[in-house]
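Consider the two complexes below, in which subunit A is the common component and subunit B and subunit C are the respective partners.
Coming up: the complex of A and B.
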């Protein structure tokens, strides 16, 4: 085996230029796909982190009360049990916060649009102010305007509103009654993704008043963890303890094959239940942004498809090169067969040569991808741009997972070996007499 | 002197009580006009919706009601894109059926029908006396018609609108106008009923105009045709009916 490896490596160095070109082709494909994988994975993490900054948490709890026969009211009147359970769970958390949110129809001078309004404690939530990038307006006037509304630029365009305009919002109270509230546009923020295009922000007190909540009541209790990575494990731990303090809905993180996200399945299954008093629902930022995760999965599939297409093209090159190599070395193969090399030894030599070629290409590809990612991630794009939600502190980031690198490694190895298998088999089948008698 | 004062106070109290009872009676009469406790009711509702800068949209639906069992079914007939969609109310649940996905989803009486200003509750039984208390009554004139203007406040949060102001003809109990207010007290929509028809001794609106007061220029006109109080087969008020009519 050692001899085979030595011969295969020596063979690679016989035509340095040709080997280099093939390795570059492999390296280029690997580099492109590695960067795509790293970018899509980081985007999902960045969106989740930025949203958890804006909403002030990674784990969320909402409280539901049955009102009348079928109506469900979402509100938390007393969060002491939630705080006690959090303390008892021993989770390492940074801080807790609260907010309310509702869907509204916004009307301005004959134009209407639907929008999610989040009531945030803007004054105390410094992370929110840092993360939400304003295109127009300033934080000072937002803080001093009690009915301030920050809308995404796409919504501002749809409604044709500017800073200072007063819009009206048709909102249902938590009891389901029709209500109308006035909001003054005090900020227009950049929007880059679907979720931020549909989200707007106001002061909690103003939204709570329109929702019919009493002072001190709110809709969502949010727990901010030191890092997004800890979310799922911490949520599980908190949930187990919370069950001993209050009534909690069963957690559902998978859609059971239905055409919906796990979070939607959770809400749907809970609609059918009946209970008395307040029952709490615990979910995470990952579950809430499951649709973004679906987008990332789609991007990953595109990445894998690009890798396969690029490699199918490269395979044709590798296949042709190895056929050429076979004819170049036909007498050498004959000699080797004459001195006792078996068919499988010849085949193994070719496959080993291809494997090392693939390895060199992949290593170079990963190295180039690393250099490219380091250069790109060092550029500071700032927070005042429309892609801020995709960035982390103004930087493009990359998040390479071992599983993704392993996928690239396996795909490239298999395709390279497949490309060489035909010439290798043909070379192995040559008899010594036939090989030695062939004129080049 | 004390005796005169006592008689005066008692008289005022009795008159006030009688008047209040009269208005409660008016509310019950209005509910009865639009409720069919003894028979079924079916009609075709044509809703023409106008929105500024948009082409008028037409929605036609056949409504089946059995008020004594609190059942209704709304089957959309037009436009082609919504044809076959339906709302089915069975006691406390309102279901929406979409033939394209062949699935039922939870809906509500408070939801607008398709893209119109009309809500499901506009096509079903009225519940003024059950849902609202009388806050204030006054006399007025609507056009040239003398009316009672009755201000109502929702008894519970179950009512879609927290406050209503209804204009009822003095000479004959007929609702001519309704103003619906939000919890914050803002006028949200005005409903006008300019035309009535008589069916089995009951006065039924044949034309309803709903004006969106928050979005000037937006309004829906509902026209009722093919009204009937003939019995409706039980099978109509089942989910299977909506599935069957779409086959």
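Coming up: the complex of A and C.
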């Protein structure tokens, strides 16, 4: 085997320029796809991290109160049981916070738009102020305006509002009654994705008042974990303990449900239920941002498709080159066969050569991707731009998982070997006399 | 008992739709240890007969028997194994593997399949062969750094490395000047007497033919002369 390997490796050095060109073609494909994989994976993590910074948590609990046949009221009046369960679960968490949120119709000078208003404790939530990037307005005036509203750029354009304008919000209180409230536009933030385009922020106290919540009441209890990675495991642990303290909604999705996000399934199944008192639903930032995950899966599929298309083109080149190589070395193949090389040995030699070519190309591709990612991630784009939600602290980040590298490795190896298998087969099938050119 | 027997061997080629009868029913025997020349002009069928003896081509009809074994029904795998273990080849254009150096080229046949050379004996045997062909100083050199004569010496050592019973050489001196050609034939003759290996070589050089002790002369695909030195009668199968 050592000799086969030696010959295969040395054969690659016979036509250095040709080998280099093929390796560059492979390396280019591998580099592009590695960067795509690294980017999509990091974007999903960054969006989730940035949102969990803004909302102050990775795990969220909302309370739904029901008495007899009365309408469901979304509020948490006493969170002691939630805190006790959290302590008992033994989860390592950074802090807990609370907020309210509601869908509202915003009206300004005859123009309307629908929007999610989140009531946040802006003063105490430093992370929120760090993560939400303002295009217009400043935090000082937001903090001093009790009915301040921060709207996304797109909403500001739709309503044609500027800083200082007062808008009317039509809101349904927690009791199901219609109510209106006044908000002063104090900030306009950048928006890069669908979730940010539909979310606005105000002070908890002002939103609670319009929602009809009493002082001390709120709607969402948020648990901030040290890292996003721990979210699913921690949520599971917390949920298992929480079941023993309070009534909780089932977290399982409908068995016969059509394809949908976990969060949608959760809400759909819970709407059909009937209960007495307060029942809590627990969900995670991952479930809330399931659409982002879908985007990432789509981007990954695109990445794999790009890899395969780029490589199919490269395969044609590799196939042609190895056909050429076969004719160039036809006498050599004949000699080897005459000396005692079996057909499978000839085939193996070609495949080994292709395998090493693929390996050189892949290593170069990974190396180039690493350099490219290092350069791009060192650039600071700042937080005040439209894509802040996709970035981490103003930097494009890359998150390359081992499974993705393994996928690239397997696909490229298989396709390279496939590209060479036909010429290799043809070379192996040559009769020694034919190959030595002595038949005529 | 002859080591090689050809029994009414015919070989027909098709050049497009034209049938070419390259060998027309040839029969002869070769004894173990023979130093035999297959002589004849171009197109007489020398190479075709050597290829059939060397099991790299199959007769259209007839039988080639090597070491008492009929070969016409053997599979490609079995033929390859037999080529590896029983036969050695020397080619007109040397046919060395360009990416391997002298030592590696000679070693190459020992690395594929089973051989009669024990692993611990290998290095010493290759060094001995290199010394025998006078290339000790050149063993780390690649073929493109050697002269034609040196390359053919490497090919001779490579052909002998598996200790084959028979070495086939197709016009081994055709690409060499006459002096080097004679040296190569003398080297082959020396090894033939030292190792008792059967050497069969084709040539159209009368001077080289005269060195052989068994001459088979061909013309238009037929044997026109089959004689052993010192024997007045045509050579017969014993």
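FYI, the second predicted complex is superposed on the first by the 428 of 440 C-alpha atoms of A that agree within 3 Å, B and C clash if a C-alpha of one lies under 4 Å from a C-alpha of the other, contacts with A are read in each partner's own complex, and residues count from 1 in each chain.
By definition in this document, a contact is a pair of C-beta atoms (placed from the backbone, for glycine too) under 8 Å apart; a residue touches a chain by one contact, two chains touch by 3 or more.
Because the structure is predicted, anything quoted here is derived from the model rather than measured.
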Exercise. Kindly classify A:181 by the partners it touches after superposition: subunit B alone (first), subunit C alone (second), both, or neither?
Key: first
Quiz item: Does subunit C touch more residues of subunit A than subunit B does, or is it the other way round?
Solution: C
Quiz item: Which of the two partners, first being subunit B and second being subunit C, lies in contact with A:421: first, second, both, or neither?
Solution: neither
Quiz item: Of the partners subunit B and subunit C, which touch A:170 in the superposed model: first, second, both, neither?
Solution: first
Exercise. Go through the superposed model and pick first if A:121 touches only subunit B, second if only subunit C, both, or neither.
Key: neither
Quiz item: Looking at the overlay, does A:158 come into contact with subunit B only (first), subunit C only (second), both, or neither?
Solution: neither
Exercise. Using the superposition on chain A described above, determine whether A:110 touches subunit B (first), subunit C (second), both, or neither.
Key: first
Self-check item: First, second, both or neither for A:247, with subunit B first and subunit C second
Solution: neither
Self-check item: On subunit A, positions contacted by subunit B and by subunit C
Solution: none
Practice problem: Over in the complex, which subunit A residues touch subunit B? Could you list them? | Solution: 67-71, 107, 110, 112, 168, 170, 172-173, 175-181, 210, 212, 271
Exercise. Flag every residue of subunit C that touches subunit A in the complex, lowest number first.
Key: 13, 15, 47, 51, 54, 56-57, 76-77, 80-81, 83-85, 89, 91, 93, 95, 97-100, 104, 107-109, 111-113, 158, 162, 170
Practice problem: Show which residues of subunit A lie in contact with subunit C when the two form their complex. | Solution: 2-3, 6-7, 10-11, 13-14, 331-332, 334-343, 345, 431-433, 436, 438-440
Quiz item: Across the complex, what residues on subunit B touch subunit A?
Solution: 52-53, 92-93, 106, 108, 110, 154, 156-162, 180, 182-184, 186, 188, 214-217
